Structures are given as C-alpha cells and as structure tokens.
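Per-chain residue numbering starts at 1, and chain names A, B, C and D are given in the order in which the chains are listed.
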Amino acid sequence: MLGGNVFGKNFVLVSFGESHGKCIGAVVDGCPAGLELSEEDVQRELDRRRPGGGGISTSRVEMDKVEILSGVFDGYTTGAPICMIVWNTDVDSSVYYEIKDKPRPGHADYTARVRYGGFNDFRGGGRFSGRVTVSLVMGGAVAKKVLEEVLGVRVEAYTIKIGGVSAPEVSDEGIAERYGNPVRCPDPDAAARMVKVIEKARSQGDSVGGVVECRVTGLPPGVGNPIFNSLEGDLSKALFSIPAVKAVEFGSGVKAADMWGSSHNDPFRLEDGKVVTESNNAGGILGGISTGMPIKCRVTFKPTPSISKPQKTVDLSRMEEVFIRVKGRHDPCIVPRAVPVVEAVVSMVLVDHAITLGLIPPVLRR
Amino acid sequence: MLGGNVFGKNFVLVSFGESHGKCIGAVVDGCPAGLELSEEDVQRELDRRRPGGGGISTSRVEMDKVEILSGVFDGYTTGAPICMIVWNTDVDSSVYYEIKDKPRPGHADYTARVRYGGFNDFRGGGRFSGRVTVSLVMGGAVAKKVLEEVLGVRVEAYTIKIGGVSAPEVSDEGIAERYGNPVRCPDPDAAARMVKVIEKARSQGDSVGGVVECRVTGLPPGVGNPIFNSLEGDLSKALFSIPAVKAVEFGSGVKAADMWGSSHNDPFRLEDGKVVTESNNAGGILGGISTGMPIKCRVTFKPTPSISKPQKTVDLSRMEEVFIRVKGRHDPCIVPRAVPVVEAVVSMVLVDHAITLGLIPPVLRR
Amino acid sequence: MLGGNVFGKNFVLVSFGESHGKCIGAVVDGCPAGLELSEEDVQRELDRRRPGGGGISTSRVEMDKVEILSGVFDGYTTGAPICMIVWNTDVDSSVYYEIKDKPRPGHADYTARVRYGGFNDFRGGGRFSGRVTVSLVMGGAVAKKVLEEVLGVRVEAYTIKIGGVSAPEVSDEGIAERYGNPVRCPDPDAAARMVKVIEKARSQGDSVGGVVECRVTGLPPGVGNPIFNSLEGDLSKALFSIPAVKAVEFGSGVKAADMWGSSHNDPFRLEDGKVVTESNNAGGILGGISTGMPIKCRVTFKPTPSISKPQKTVDLSRMEEVFIRVKGRHDPCIVPRAVPVVEAVVSMVLVDHAITLGLIPPVLRR
Amino acid sequence: MLGGNVFGKNFVLVSFGESHGKCIGAVVDGCPAGLELSEEDVQRELDRRRPGGGGISTSRVEMDKVEILSGVFDGYTTGAPICMIVWNTDVDSSVYYEIKDKPRPGHADYTARVRYGGFNDFRGGGRFSGRVTVSLVMGGAVAKKVLEEVLGVRVEAYTIKIGGVSAPEVSDEGIAERYGNPVRCPDPDAAARMVKVIEKARSQGDSVGGVVECRVTGLPPGVGNPIFNSLEGDLSKALFSIPAVKAVEFGSGVKAADMWGSSHNDPFRLEDGKVVTESNNAGGILGGISTGMPIKCRVTFKPTPSISKPQKTVDLSRMEEVFIRVKGRHDPCIVPRAVPVVEAVVSMVLVDHAITLGLIPPVLRR
C-alpha cells in the first residue's frame, strides 16, 4: 500500500494527522458492536502517555483530550467506524523552519524529504513525530477494552531498562503499580536510578534509550495464523510502527543465540489439569501460535534523536556540511511514554486475531 | 486472514505444502512480466538451502528440485502467477505416529493441535517444519533476480554467531565467499569454530542457536511507507515467518538501549556529492524509510528444538506427564540453512516496496 | 474485513460518520505527494452532490462544507493521509425514534438491526443513509484531480433514465453541460420530462428509479489486473457501495444476452496509427484490462425507498404486523444526486490501478 | 495488487495456470480445519463444468481430473492451504502461433499484449481462457461444501436465457434437475429451444450470449459488511472475474429503473414468527446485508468471441488491417458451462463473509 497508514485485517486502525497540523486522529474499523465505550475510556490511556512528571519530559503542554466523532451511540459502539480526534494545541513551529533544509541526525527529516519529494509537513517532524503515537493509543484503548471485557486478557507493558539501568526480575505488584512512577518501571529502586540517568543525560543536552517489556496474560492457547500471520510477525510489524524501535524480541530473544536446545526448550507439564510449560523461553508462542502461557516480548528504543548538542549534518539547499543544534522541546528519553503505546499496538493485534478466530463475536450482547 | 499463508501487497507469495505431504509449493503473484527466469535460477537458491556438508546437518536426503508449473513462457515471466513446486521424497513418517500425542518441547506440536483441533498434518511437523522455508526460498529467488536486474540491489545474509561463537567484523570478501563453508560465515576461522560447537552439540544429542545478519546494498533512499508499512515493520513480519526466529534487530538493535543520543545519531555528511551517514546505527532506515546506506538487520535463531536427549512432556491422549526422545533426522543447528531463507524474505519485501513506489515497472523491457 | 469501511489497495479510502452524528468523514491514504489541493477542489464536487433545484429534492438544508484536517501543507498534498470532514447540521432525529422498531420497507433498517444487534445508530439511517456518499465524493474529488492532472483522464457520469424516461444518444456537449439541469441529464428535453416524472411521483407520495451512465476518456490501454482485480470487478465493487444500486453493466451490458458474436465483437482497426475498435460493446474493457476506448458503464438505481405512502411492516418490539408512513425529508429520486458519486468511486478505482501500474508516481513534481 | 490472482480476505482463493501450460491450479487458504474433503467432492463440481453433451460444445477433450496436493490429511482439511491441480492435456497450440499478432475481436489478445508487454502466454488465450475458471470451480467446491455442511446454505445457479430464448418462471424441481440438460436450464422446453439456437449459431460460424441466475437459500439475515464489503460489492467483484460477464444484477436489477417505490419496496411481514418480505425485489440484500430471503442475482454473458466467421482486426507486427478466421475449438455459447462457475464464486464470497462474522468456526468438530 502506497499510503501505509492502515493496519490490521478484521480490526483495522487508520492513523492520520501531523505533529503541528490541526489534529492527530484515528479511525477504528471493525470494532464489534455493543461495547460500552466513552471518551473517558480512551482518555485514561491517553493520560498514561502524557509526561509522567519528575522533570524528565518535554515542556510542550499536551492536553490531548480525545473527542469521539463517530461509531458510538448511546454509550455503545455501533459496529460503524469509530473516529477519534485529539486537537493539537500549544504548537510552535518556528524552529522547524530554521532547520527545514538541515536534516537532524537520527531523525526521519532526510528520508521523508526524499520519499515525499519535499512536500512532507516538516513542522515538528510531521507524521514522523512521536505525537503520531496518540493515534495508536486511541485505537489501542478500544482494543484493550474489547480484550479485557470479552476474553479477560490483560496487556501490560513496563520499562525494564533505561540508559543502562536495568530493572531486576519484576513482580506482579510492581507491574500493577507501573504507572505510579515517571519511568513506568515496576521496580521503584530501579525507577529512581532511571530518573537519575535521564536527568543526567538532559543536563548534558543528550538522551538515552531503553527497553520496554510487554506481558499478555489470559490469552487462550491456539491463537495465531502461521506462517505469515503468526503472532510474532503481526506483533513485530505493529511494534516497529512505533518511532525509535530498533529491536523486537520474544521470550528468550537475543539470548537464544547462546543457548543450547536442552535448556531452551520449555518442558510441558500439567498444572490443575491444564498443559503448561515449566519455563517460558518461548515467550508464550510456538510456531506463531499462543501456548496459553504469558506472551512476553521486549522492545528496544533508541535514545531520542533530538538532542541539543551540536551535530553534523548537510544543508540540503546548498549541499554543504553544517552543524546544527536541535532546539524545540523534547523528551530526553521516550521510553516511559512509549509504555502505553506498546500496550496499545499489542492489544490491537490480539483483537484482530481473536476476531479472525471467532473468539470475539461481531456483536457483544448487553 | 484466517489462513495466513499469503504475504505481500503488490508482490505476493503464497506458500503451501507440508513436510511429509506430496510437495512444498509457492505461488508468486505480481512478478513483473519480462524477467528472464529459469528453473536453474530458482534451483541455485534452493541449493544454498541444502545442508552445507561437514557432517553438521540432517541425513534426510532432500534433492529439492524445483519445477515451474506456470507463469513462465519462452524463458520469460508472463506477468501471470508463477507456481513452483518441490516434490517431497525420502519421507519417513513412522516416528511421528509414535509421538503424535506427545508434543515435543520447543516445537509447535501442541499449539498446532489446539489451533487446528487435531486435524493438522503432524507428520514431520507438517506446516511447521523447516521444510516450509523451501517455499520462501523459491519466492525469494524470483524477488532477488528482479531486485538485482532492475535496481542493482544485492541482498546478502551470513552467519555471525553460532552457539556462542561470534564472527569478528566481517569483510566484503568474506561475505562474497559465505556459501563456501558449511556454516555460511564470512570469517573462515570463526566458521571452523562454529562447526566445532555444532559437532559438540550433536555429539551430546543437543543443539545450538545463532544469529544471521543481512545486508542490503544498492537500495536508493526513499523506500518505505510509514507508519505501518515501514521497512522495519514489513521486514520483521517477513523474518518472523521463518521458524525458530526469536528476535529481529535493525542497525544498533538491542545495543541502542545502552547508548546515548550523541553517539547513536548518525551524522550526515557528503560523499561524492551524495548524502551519506558517518556511522550506520540506523541500519539504513530512518522513520521506516531507507536512507541509501546499507540496510542491516540481525535475526536470532533459537537452538533446534528437536534434540535426542530425553525431555519432559505431556501425553495428551492420557493427560499424563511422560518423557520423550525425539528421533527423526534433524539439524543440530538450523542457522546455516536459514541464511538463504533470510535473503529470500528480505528480497520479497523489498521488491514489494519497490513495485509500490513505481521503481520496478509492471513490464521489464527486453 | 469485519468493518468494511476501507476501500482500495494503493489509493485507499476510509469512510466514517453517520447521517445524524457529528459528521461525515473520509480519510484518503496513498495519495501521491505534490498534488495541489484545496478545500475548494473538494467543495466543487460536494456542491454537485447537493440538490439540483427544481423542487425535486429533499428540503434538508445540507451545506456540506468540507474541512481538510490533515495531509495537505502549503497547498499541496504531503503524501500523508488526508482526512476530510463535513460537519452535520440541520439534523432532526425525532421521527426516527418513532419508527425505531418498525423497519422501513426497502431500507436497511431491518438488516442493520440484525447485523449490529440493535446497537446501530438508526437516526436518519445512520451509516445506511445516502449522506454517507459525502465521504465517497470527498475521496473521489482527490482521485479525480490526480487522474486529470497526471493522466488527462476524464470521468463523466450523467443520467440516462429516470422513471421510465430515457435520454436519447447523448452528445459531448450535453455531457459537458450535465450539471446545468437538476437531473444531470445530457439531453435538455429528456431532462425536462424526467423532472416531470419526479414531480409526479413526489405528488403521489411515491418515488422513481433510474440509470446513471459513466464514461471515462483518456485512459491508456493496458490498465487492469485480472483475474480478480479486473477493471470491471473493482469498478462494480465500488459502484455497489453506493446505496440503492441494483445493477452494474459494462458496454453492451444486459443487451449482450440477446446478441450474436458476429455483431457483439468489436472489430479492431487503425486510426491515426493507433489501434481502436469500430464499435465499443466491450465498454472499453477486454479481459478486465482497458482497451484505450472510452470505458462505459451503467448503474441502475432503485426508486428511493422512503415514500410517504402507507406501507406494511413488522413492529419488531411486539412482533406484529403494522403499517407505517415514512416522514422525514427525502428525495423522490436519488439518481441526480448519485451522478457525482458515481464519478467519485470510478475515479478512485482508476487512480488505484494507475498507481499500481506505476502510471502515477508517488511524488508529483512541481 | 499488481498480480490480481488472489481473492478474498479470510477465505482466500489463489488462481494460477494457463490454458496451454502444464496445468490449471488453485490454492485455498483459510479453509477451516476438519472438513471432510476428497478429490471426488471437487471432481463432482468440475464435471458439471464439462460440456453437457448435445453437440453444443467444444471438441477439446478436457478430462479435468483434480489432484489435491496439500491441505488434506486422513480425509479432512487440516487448516493448511489446499492446493488443487488439473493437469492440462489435449493441447494444440499451433493455431495460436498463426494469429499471435492478430488480436481476435472480443478477446483479450490485444489488451493482454499491451498490459504484459507481449510476454503473456498467448497460446489458447493463456490466463484469459475460459479454462481458468477451472480454478474458480475447484475453490468453489470447497466453499460450497463448507456452506452446506456448516450452515445448510445452498447455492444454485441455472440458465434463464440463451440467444434470446428465455426460461419462464423457474420451479424448485426444475432447479434441482438443472444439470440434467446440456444448457443447465430449469425449464425443459426452454432448454430444448436454447439448444436449437446454439446449434443454429454454430452452424453459421457464430455464437450466442445469455443469462445465468443464481439463488442462495438458507443464508441467515445479517450477513454483509457495508459499505465496501457489502454482499453485492463482493459478489459482483467475484462474478466479474468470470470471463465474458457484461452485467450483474441483484433482485429487480435493471428493471428497478422503471419501477416506483411503492411497488419496488418489499413489505415486511411475519411468517411462522419470522420476519420475511412479501416480494423480493431486494434480491435478499438490503444495505449490503442479507435479509434472510433468498439471494437472487443475474449474470449476463456475452456471446463467445471466438467465431469462425471472418473478422476485421489489425496485424500488430505490421500495423495493418487484416481479416482473420478464428480456428481452434470453441463453445458457441459459454453460458451452460458458466453455471457451476457462478455457483463457485458466489459460494466463496459467502464463506468468506460467514467466517468473518464467526458463523463458521476455524475448526469444524467431527
């Protein structure tokens, strides 16, 4: 598809809008009828995407209030496409005109210019801004509600690494409280250290990367349509739509390369008459199909490319090498704000698969 | 899609066939007309997927001779769908009937049984066998030829790690000779050590995993359709269709989590009047669009799940825990044979994108 | 797809909004970058969809002013998704609450209720209202402009029959002036008689059907991707998305059933060194691919189902047979207002095909 | 999609093979697991496509024996893609080399040459031969069985007009016996007259067209996903993939243009506590969704373009006008052989919709 802004087969998300345009929007097509849905449901997820405080985020004031334009009637989804909008406010585009011809290293400025022949809206990065993830979160809010209400599936993402600081083994309690600290890490001690490293990077005009893990519980075994619509395939495609993602791993992930089969294979056993595995190197997926164990994936984010340190680039209008300093208001680490985005895209993929397999009916009865 | 065996938008691959069925087949729909194509072109790629010798592979004798059934006339593609078949031979299904109810740990036996209600062809793993990658290689052979002839793009994969043994920085010469050693590693010394670790694993009835890297050169900047049809998204989805893949990384990959923006960002500079980057942490992709630098991705494979050591599982017919020994003929490391498969799926994704952007016309003139 | 509100492969239209909801909206994804596009361009097409005067239309005052929310920057398309909105005004939903449980014959009230479990927005017919064609016209306005500017293709629809009154053979001049009369018929005499028959139907609380013909000129030969993405297949699918369509014909259409091969076959001959056909029973398409002759299709519309005469139906809340009179404001003939809608959907299909074949590049250079 | 040989969303048909190539093939992806399926099930439908005797058909001896290559194990579908092949025999391509540069009027010779740059396999019309419908019938055989066994839906097509001879109102008995006469007409008297008109055309080196009607019974109300995946939209797209189709109508069809709303609207009433309509001008579909009444569509076929009378065309190698006589073996009327093809494509569309709505589960339990 030439456009590339439509995702999914049976549960479809369409994303539109630019960072400094009128709005960021999403259309969800294929949501079952009969889901109780309000703007509050979507707002709750959007709020989790807002800066978590602690002085580690952008100073751009993004209220990000959602307005539902269609597809909901009398408090329930109608089965018609659901259009949701967040109107942009507090936009200051002036700095972008200055660097219009000077692509910021690590950003999509250069590639977008080539791909769209210079017609792309470069203000604030346009479609390549982290703001576009607002559309993912809006679509994900609907998906998440369907998953929880119909199947009892929970999708929970959390930060496990930032700037070299790792969280130890995470607990259920820690996960439940993940949105209680600004970095969305289940471990309060690690969270405090992560905040420190972010502050350090910011103070130096620099930025740091990190890792978000996502855990899905409650998904029955047998979900997935290999070979091309495997859970890993569809999830990874969705996860790589989030800006700044450099790696996606399932279960053992990159560690699998150093393991031997006898320790990597997860032995099957019975637990309360149910088939489970003793370990979960599979990350809850075998052959592209869910095992019934928790799905586990990890997503690596690169350090925010917008840094205030001077950087070398090329002035494309004169074709000469220059140095730039990126002004504007940026997060020195986007990992914390990516947490609800990861939950959103994972939720959408799972709803799509569940509808395809008839696990979620086209009408949810009251 | 309930089926999941159709991949691509404009250049489409359909995969069919089972490990112990009559054949493995592929249909390519959307190949431009006018490509000179013979069975030899496809066979060359299939031969690269065959065991590389050195006693490190399965003893199943797979001749894997391709037959083109349609879509080629007088030596050129016609624009019609190209069906390619490899007829299965040397099939021995007896061992699979013994373990029919005892899912092998690390395999899709259990999940396939749940997903398909026990109707799946379990012989040799059926659709979940590594043999299914024959269809990927056949489709990829066509894609690779289109890419090379029309755009001069080269897609080269090679092994960089097996069983804990890593290749040092690889050279162009090494890459050119990669198929000259049984593990398809560009570094002969590392290759020799990788062979040793595989032999060790095999002698212990065990298996090892590893990493394949893929490098794409010659792709112009501006290819990719974000946000959902980003190069990373489409490539990762394709790569996860290969059995045993646990992680996909681009450029800096998982290392990005520990880096700071100032060292991760790739500065732009001019080289012979062309915009290039000094480093390539981006892996040749920014914002889902090619930069013109080489695309670099890494794919982690888990150790072959089929090992002869006894393993714990559940007899599903009696619902009781049992031990099994997996017989049959298996590769103690699938990494070497995955190398041409990685090239195949990467090639197909790139052709699809190139057609979408009009870089490859529907008819290649003689 | 469970949703069904996404159309196209490379040029994609997403439709959302309800008759009595906040708005009718469209997202176009895949429009090439660099098309000069303003709200006026879209408004011009929307205005053609407004009642043509002459007292033959609904009294609902629909200003239908388009607002472009995204995808256009500095007067040019950016390659990003284009969201367009028409905010609903002058909505009076009261009559619909009265007949909520009494499905109007000929309307989708009953089938929508079954399909969406009663959750559908029934006010004004919701998604099943003719108002939804506003989204088609908005998407079509963009497509039409691309077709004309890049390929010089003209898509012109016009009324050839209403309520039994047929237009004679139409002239180029008549077609050029089609929007000059309220029924959009190229023949002024026939137009006058058509107006009369509509007035007669209205005065009797009844309605009439008719036929719209569409002619496409300037399309080069060789466009179409059989067998399933034939021009006829894709055009018919698009045309049947317009409410009230009962038949779609190409070229000779239903008359072909009574013809003999020797008179139906269009002989090829040379004209100015170009291959043309002497007749055009093919309707400009052979084997699903354009011949270079004008594409001709005809679309039959049923009489507006909303009539004020009493009609028999079933009260679904009590499951008993009742009579209803449909109040509300309705067109006694929807054919005239369908004319620009036919142009819109035909244009979108052709742009999609032209992009797929590389006839329209992803960036239109200034 | 550049290829165009893939149809469907959840139940997918892939068609491949050429008239004079090695085979005609079909891959069905998305068929539920657990359907009892044998080659006989498919053969039965293929046999209905064979000439019906009576000397009114081609003399090409097409045995059309199906071979299932994948997707069926132990007599049941596995959920894996089902590849079916009919090997071509009795091929005589010599006459096609003679007319290679002289496109036959009414055929796709010219458009295919332009579209595929002359690389298309022109022998026997290649992909544009009626033989390609073998792939539709194979896919339809699977779909038909799913529909009947899971939902009790019956899809029955029959000839209602040939060469100007119409069948009167058809009876259930007549439909049940439709394959008992060579023209597949439910009315024996009309059938006899249709045979005569075909014989007359053949004796004059000419051909005739006709109309196939299709009736679907047993489909519950509520099936269809408007606006773009309406039943009419998806059915018409599928029907236009059959060569020689010029028109598709639903219910009242083209007659709707002359009707008034009061007589076109189908009043709702109760029958045995069920909502039905008194008439069925809707053709069983309102708003793109099934009403529960029989679906009725009509498909007009043009006269076979291959006639032995001399015809004017252009020699494309010399660019001069010439006359040709089409030799080869052709049906003077393709309508009778199109009857099972219509059933096939209608069945595939309905299964696809039924899967999407969860009416057909991914596994059919024994």
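List of remarks:
The criterion applied here is as follows: contacts are C-beta pairs under 8 Å (C-beta built on N, C-alpha and C of every residue); 3 or more make two chains touch, one makes a residue touch a chain.
Since we're looking at a predicted model, the values are computed, not measured.
Interface comparison, A-D against A-C: more C-beta pairs in contact at A-C.
Farthest from chain A in terms of Cα centroid separation is D. Taking the mean of the C-alpha atoms as each chain's centre, chain A and chain D sit 45 Å apart.
For this pair, chain C with chain D, the centres built from the Cα atoms lie 27 Å apart. With centres taken as mean Cα positions, chain C sits 38 Å from chain A.
Taken residue by residue, chain B touches two or more other chains at 1-6, 9-10, 15, 115, 127, 355-357, 362, whereas all remaining positions touch fewer. In the complex of the two chains, the chain D residues touching chain A come out as 9-10, 355-358, 361-362.
Contact residues of chain B toward chain D in the complex are 1-6, 9-12, 14-18, 21-23, 25, 27, 29-34, 69-71, 73, 76-83, 85, 115-117, 119-121, 123, 126-127, 355, 362-365. Residues 1-7, 9, 15, 103, 105-108, 110-112, 114-115, 127-128, 132, 161-164, 201, 206-211, 221-230, 232-234, 236-241, 243, 245-254, 256-262, 264-270, 273, 275, 277-278, 281-283, 285-292, 300-307, 309, 311-314, 316, 319-321, 356-357 of chain B are the ones touching chain A in the complex.
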